[in-house]
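The two complexes that follow have chain A in common; it is paired with chain B in the first and with chain C in the second.
And then the complex of A and B:
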């Protein structure tokens, strides 16, 4: 089964911030309430994250949402890489940003 | 055909050729100007983001409202830079320049974005980091040099 999460439609078109205490649409909220439940669900084979339609997202949001997932080891990196599929048509910089954050976080867990 | 007719026909052909040449020269000049405007705007946006981000990371303390304003402005500048970089992908650049632009877009932009909007950006626990300001200034200078070389 595939799960599609369109951040702009399902979460917010302007997510910002790092921790839950900073607001309703922060990296921690997205990771804990959207990403991890989908990724840890055995019934779901692939989680497609649609990154289109987002404006002005700071790297702090991506780091908390994706980087912290690797650092906290709540999910193994191999499962993450196997299940996670990032889709973005309108911004060529977003997927490289997230990949670079994941790479950095992977280095920090060693 | 009489000699006069031949002369008229030659005149028409010459006028058409001149019009076609003028069209292509004008189009080339307009696209070159457009390219320069985009590059100059990009350079000034980088200057702007350098000032705002150094203020953001260099200040010991600031009010939450001012911090929020800087965060919004910085992210908005990044959106503008991204838009300008995207606009440079057109036929007015030779293929080698396209590769350079692609590298700037996928490497330098991503690195700069991570450097400035990473860490404790958009948190209530933002800490002053002078070393970060130093790195930001160096990275932006290097990026500006690369962009200047595209002119």
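And then the complex of A and C:
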């Protein structure tokens, strides 16, 4: 089964910041309420994250949403890489940004 | 009259004793007298001018004390820069929050104010948002054309990406487009994140009269110079004092002990990889600067925090120039100003 999460439509078109205590649309909220439940669900094979239609988003949001998922080790790296699929048509820099955040986080957990 | 029983007499005696004892041991709290203080605004409100920073320090010191009947004299103000206007608005906003509705600010000698200043402050939303009650209604609706246009400032106490997004739409009603909108959104939301995460630590909030972790955002347009400015301010601990908390290693401690504030700001804009070992940290300030550095025309970003100021100027002909200096007074927060040539 596939799960599609369109950040702009399902979450916010202008998410920002790291922690839940600082706002309703921060990286921690997206990770804990959207990403992890989908990725940890055994019945879901692929989680497609659609990155289109987003405003400018700072490194703190991406890092808290994706990087912290790796650092916190709540999900194994192999499962993450196997299940996560990033899709973006309108900003060619977004997928490389998230990939480099995941790589950095991998480096920090070693 | 009914004769008192012995039991009732004992009761009355005991009660009288208790009352006397209470009166004798009642804590005598000293009577706190209200006092009056007049602060005169300088002619030129500009953060490069030490009188301006001293003026803001005076307002903060007296506005935090609710016994102080504060009178701020605006009559002498002849010019006001966009950055100092936002700091000024935030100080008045802080005063009205701390003092509550009972101590609402009032405007006096309005007719003696400089006309240009009156309209700039009106456009900035100073009277409206601070809920100042006695402004003449015809003035609020009057038309005024000036080379400099201030946009209404907005404020908040959380990270909300929708707010700068909506703010851009307001500006786009006046100018055809805001340059590099996505990078601006990143710069402002990272400034919000820095303010809330690093700017207001728990011990700071505990000792502060203002309990909310607030930020203020404004913009201005200079038609003569064809420039657009954005300003973001928080009244937090400031970058020089927050750096040892962000980097609690030897690097952070040494830096805060021995380096002047302007140098600490400069280092913070480059920090991250080298200083903490945690590579995912310290990317906020570089992204704040990137808005101007990646712009394809002239511009600058200036960060004033604590007593330091650090400016990066981008000139298409000569490249990037960096300048830092120390101010005599603390700005009591962090102000980030972006200027872009349109």
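Everything below uses one rule, namely that the second predicted complex is superposed on the first by the 110 of 110 C-alpha atoms of A that agree within 3 Å, B and C clash if a C-alpha of one lies under 4 Å from a C-alpha of the other, contacts with A are read in each partner's own complex, and residues count from 1 in each chain.
Heads up, the rule we're going with is that contacts are C-beta pairs under 8 Å (C-beta built on N, C-alpha and C of every residue); 3 or more make two chains touch, one makes a residue touch a chain.
If you're wondering where the values come from, they're calculated on a predicted model, not measured in any experiment.
In the superposition on chain A, contact is made by A:107 with chain C only, not with chain B. Touch criterion met: A:97 reaches chain B, while chain C stays clear of it. Contacts of A:55 after superposition on the shared chain: both chain B and chain C are touched.
After overlaying the two complexes on the shared chain, residue contacts for A:12 are found with chain C alone; chain B is out of touch. Once the two structures are overlaid, the count of chain A residues touched is higher for C than for its counterpart among chain B and chain C.
When both complexes are overlaid on chain A, the residue A:63 reaches chain B and chain C alike. Looking at the shared chain after the overlay, A:25 reaches chain C, while chain B stays out of its contact range.
Common to the chain B-facing and chain C-facing surfaces of chain A are residues 16-19, 22, 55-61, 63, 91, 101. In the complex of the two chains, the chain A residues touching chain C come out as 12-19, 22-26, 55-61, 63, 67, 71, 91, 101, 104-105, 107-108.
Listed in rising order, the residues of chain C touching chain A in the complex are 158-162, 164-165, 181-186, 189-190, 192-193, 196-197, 278-280, 283-284, 287.
Residues 16-19, 21-22, 55-61, 63, 91-93, 96-97, 100-101 of chain A touch chain B in their complex.
Of all the residues in chain B, the ones that touch chain A in their complex are 71-72, 74-76, 78-79, 82, 86, 105-107, 109-111, 113-114, 116-124.
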